[in-house]
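Here is the structure we will look at, set down as structure tokens.
Labels A, B, C and D are assigned to the chains in the order they are written; within every chain, residues are numbered from 1.
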Amino acid sequence: MINAAIIGATGYAGAELVRILARHKEVDIKYLCSKSYEGQNYADIFCNIRNIIDKECSKDDIEAMAEECDVIFTATPQGYLNSILTEDILEKAKVIDLSADYRIKDVSTYEKWYGIKHGSPKLINEAVYGLCEKNREDIKKARLIANPGCYPTCSYLSIAPALEHGFIEPKSVIIDAKSGTSGAGRGAKVANLFCEVNESIKPYGLPNHRHTPEIEEQLSYAAKEEVMLNFSPHLVPMMRGILVTAYGDLKQRADGSYPTEGEIRDAYEKAYENERFVRFLDEGVLPETRWVRGSNMADVNVVYDDRTKRLIMTGVIDNITKGAAGQAVQNMNLMFGFDEASGLDLIPAVP
Amino acid sequence: MINAAIIGATGYAGAELVRILARHKEVDIKYLCSKSYEGQNYADIFCNIRNIIDKECSKDDIEAMAEECDVIFTATPQGYLNSILTEDILEKAKVIDLSADYRIKDVSTYEKWYGIKHGSPKLINEAVYGLCEKNREDIKKARLIANPGCYPTCSYLSIAPALEHGFIEPKSVIIDAKSGTSGAGRGAKVANLFCEVNESIKPYGLPNHRHTPEIEEQLSYAAKEEVMLNFSPHLVPMMRGILVTAYGDLKQRADGSYPTEGEIRDAYEKAYENERFVRFLDEGVLPETRWVRGSNMADVNVVYDDRTKRLIMTGVIDNITKGAAGQAVQNMNLMFGFDEASGLDLIPAVP
Amino acid sequence: MINAAIIGATGYAGAELVRILARHKEVDIKYLCSKSYEGQNYADIFCNIRNIIDKECSKDDIEAMAEECDVIFTATPQGYLNSILTEDILEKAKVIDLSADYRIKDVSTYEKWYGIKHGSPKLINEAVYGLCEKNREDIKKARLIANPGCYPTCSYLSIAPALEHGFIEPKSVIIDAKSGTSGAGRGAKVANLFCEVNESIKPYGLPNHRHTPEIEEQLSYAAKEEVMLNFSPHLVPMMRGILVTAYGDLKQRADGSYPTEGEIRDAYEKAYENERFVRFLDEGVLPETRWVRGSNMADVNVVYDDRTKRLIMTGVIDNITKGAAGQAVQNMNLMFGFDEASGLDLIPAVP
Amino acid sequence: MINAAIIGATGYAGAELVRILARHKEVDIKYLCSKSYEGQNYADIFCNIRNIIDKECSKDDIEAMAEECDVIFTATPQGYLNSILTEDILEKAKVIDLSADYRIKDVSTYEKWYGIKHGSPKLINEAVYGLCEKNREDIKKARLIANPGCYPTCSYLSIAPALEHGFIEPKSVIIDAKSGTSGAGRGAKVANLFCEVNESIKPYGLPNHRHTPEIEEQLSYAAKEEVMLNFSPHLVPMMRGILVTAYGDLKQRADGSYPTEGEIRDAYEKAYENERFVRFLDEGVLPETRWVRGSNMADVNVVYDDRTKRLIMTGVIDNITKGAAGQAVQNMNLMFGFDEASGLDLIPAVP
């Protein structure tokens, strides 16, 4: 049994952490921190947890919490954790950061895209990018996890195998992504009101959304060369879910041939055959966000277009679960030697 | 470990049974029966269950299944089970019926409101009305459960304590209920298309919805006198959830006084203090369907109107879970001596 | 051609006024006032109006505007207009107020329910309650219109004929109302975010919502006796639309008989036969908000329950149109001698 | 005043024709034809039109109607019109076909992609592709209009100027499109139920959706060379609206330079400066479907990505209005010499 603290517990990712950890047999939630709701009972804000958790929202004194807790989750705005995290804290507690603060290895890239001065650049190198399917072994040994962004997680799982095997041209990749509104957070903004979001779809952040460098960095590791791509997110009138539809030109070989559909499907099949949270779908079956909603699953498939010589790579996750809190718990499970799926036996409620 | 069969597994209640039982540690799903999808892999229809359950939809040979199974759930149209159920089947397997076939004790009332000739009226008497909070002890001993309707469950939990204690006039009760669209089933009907349901609300079935006699019968037991009421259901553009807003005139006592708010709150508090699936909310907190979505919980509260001398009784459940499949599993747990909450530790995903 | 100003033009009712008046052949929109967006182009905020209206949001200097405008619409928070309106302004321009400031004749009732000190109580008496179907002749002569609330409009049109003819007991009336989210306004509040509203329904403001005294006052005029009722509003996950489901006990006559369904239907038929914006539906047809969405229509019907001796009165309007801006324009048309339906030939888009 | 008939009046495009024509000052709706609802009053099915149009659904005897009507709209399934249309009919009445029957000039392409034998191939050549912004002069003289598909309309308006001016590589075009559910029609299918569509997004028809050859043909005219592209449609949980996000590689010139953002914006500006139904948005403003909902407008913009040397072309329309019925009326207006915008002064209701 370990003790956990959640900083930023009243955002959507924080609330999802609570939902998952409340049923996790190895974890005791010790602190729920929230600046906006300090002193209020958490279950009065997120009433889904009524009678299940009875705890007041507290201050986020990270140093004090590090003394009492084995793991600290930070679901906080960009720039917050990097301004307070220290070597001293990491010696006492493991930290899983759901913000972008330690995701990008090049500090100047982080500072440029986020417009924030990084407060603890020395820790960046130590941080392990917590995409479990990719960095499982490093995660097990890590003290500090940079929990991946929702779009990067979905993009990576959909595209990486094609790049790893050189099936597509790295410079041809275009990611057209669609996200539910919870991705925009729980802040009180006119743009996220029901009456502004419902019955409409829009692109946003074109052409330079902040998740772009994170996706490029991770896919560059997969391609073993620099990947520069277009990433176009869209806001969809639904609460949860991300769909990635990505496009890549099939890479012609020296002999003029193209990788075949069979080869590509085999590679994806193999990439995910032992993964418990990634399902590579049958040929012709396209992913839908509803089949993963509220779960830690990713559904992935590829469509081979012989006519245009392009590969269409598609994937879905729940942005709050596999794209944030679920993956954070998966990381925690790895770090503490629990079963990787512990607490994550979440089956989507349909409808 | 017991073996279970689900007849009508590809409706929404059937799919919810699958979702719940797939995680139930004491149950093995042996048969998933569906006329419409016979021979297809269940996970190709409800892909939320991909990699979790791998089973073909089969015929619903109830007699053969009774040999192999300990419990049979029937999530079938009205009139189906009563035409095939026999004493012989019940000797071999316990049956939990999610249709209305055995809910109403008076067979002529059933036949009038449903327009169906009952095929096994002799079994009606034996059937236990499976509202766990009310009939727990009888359920433990039952072979045949009439699993309550979604509206009746929510109505009963909201209103019964007020009637049991004589706080309101039985003849004054009005139930204004609102339901998500899953209550209309998974049949291919124009009226239930996204474009017909979305962005609209409507009443339906006024003034004689089929759940009326079931509600009246159960509330009459609570009031210990005949209750005749108005029940007005409405269709809401959401998938899951039922909200009941019920009205009753406070019953004046011989001395001219009225029951006080404190008395009423105490009675409700007491009624539900030991219930694991009913939460009587704090004064002033009104129920919202989102806080119970996907779970087996019922949230209930009352509002005392001193001005009009009326009691407003409100309650919410998830119509597919506590209103159907969840309650069915709760019944099963009681019948087989499992922990009443086994498999039902479902926390609503928010948002 | 008259000149119009809209104060509070960037709320939902204000935007609806713009949408309607932009196509009104007799009206020129002179000023669009908005505190929050002063100096910005209106079409950059409400882009539906791009290329149609090109005007900057301005300050709301009501005295200056009264010089230039024939009519001023105020879609402002409660208490704002009553603090600035003067006899002098009314001598220059007609004012149609969409707030509650002049709706309630008894100033102490207003001050109690709204918790606001009324700043111009002398003008209350002059104000005409702008329910066109009821006060048409007075409206034609008015300088100051108290444009009715959305819930009161829908409630009145649904219930008044039954009270006027003494078909139901005034003290038995219960109004269970359901509204889309636009009724909650365009303010940046967490409670109105997409992720908080969607896929849920809840009651709010029980038992003392502010529209109660307005509804009671108007229905008392209809009943010619004091009406005290329960009014229970609910928030529905849709953008526009109000549905009222109201209940009244049939009033027994001296001879023991009850009013018949035929009598009641005849009275409603007659009440609305010459109305262009009220449709009394055929027997058995229940109103749905989608059939009036975006239009100035009200659909009304009654259900006669012989079993419980109750009348169920149902009605729907679009809360922003007939419940606010549409009715305001209808009032303007009457006040200036235009065709009552001018600019209001809005047919709901379906779906 | 002309007489019009609508065949297929009870589908969503048919209903939108009714909504628009009901307010059109030059048109009298003579016939509303519907196989499924023959003999029923149209306003009992589409109740938005109650009290506005009082007409029974009739048989679609196109020859008889051609005698009495000036224009016949066919909103019918693919293959229906081409099996019954004759030279004789066209001599008597103009026909505007909302199906795909006459959109594709090469009959074998039509037959291959639609799997239908074309019944009147001789008429294909005469048919004018009714994209008003492109073929205005030909439309004025036409007897038979092939009203464009919703996706092709939105794609063409978004992409054509870039291809016409050679700004992008024709072979690099990728169209990622997102549509509301009304595009799937009003048929009773499980896949289109509220509970199957809501809270989910999915791609469909990859990589060979039927609109592909139509889009390729029209964009080839614009590029003056053959365009082969990827077209990926997605189903969004909303009722109306199409968003196109298209990608094209900037075409390098002989001197190594690329077209500049300024050049491209100028070309788009010019292309649409005189168009009443296309708005080229300000730099940095991205289109949202809500701003065109229920109207005949198209909002278009481009995003220039200097980093990846790609042009992102975005556009939105309402799929039922500009994407079907609105454009059909725009065509009719041109054909009969009415003002092009007659009956189309539809301002989106927001929210």
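Here is the rule we use: contacts are C-beta pairs under 8 Å (C-beta built on N, C-alpha and C of every residue); 3 or more make two chains touch, one makes a residue touch a chain.
Treat the numbers as computed from the prediction; the structure is a model and nothing was measured.
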*Sharing over half of the contact pairs with A-B by residue number is what counts; pick that pair out of A-C, B-D or C-D.*
C-D
*asked:* So using the touch definition from the top, which pair is joined by more C-beta contacts, C-D or B-C?
replied: B-C
*Indicate the whole-number Å distance between the mean C-alpha point of subunit B and the mean C-alpha point of subunit D.*
46
_As a quick test, compute the distance in whole Å between the mean CA positions of subunit B and subunit C._
38
*Cα centroid separation between subunit C and subunit D, in whole Å?*
37
*Taking each residue of subunit B in turn, which ones touch at least two of the other chains?*
12, 182, 195-196, 198-199, 237-240, 288, 290, 293, 351
*Residues of subunit B that touch subunit D when the two form their complex*: 12, 181-182, 186-190, 192-199, 237-239
*subunit B residues touching subunit C - in the complex, by the definition given at the top*: 174, 176, 178, 180, 195-196, 198-204, 206-208, 228-230, 232, 234, 236-241, 243, 245, 247, 286-290, 293, 303-305, 307-308, 310, 312, 314, 351
*In the complex of these two chains, what residues of subunit A are touching subunit B?*
12, 15-16, 19, 22-23, 44, 46-52, 182, 199, 239-240, 279, 281, 285, 288, 290-295, 299, 345, 347-351
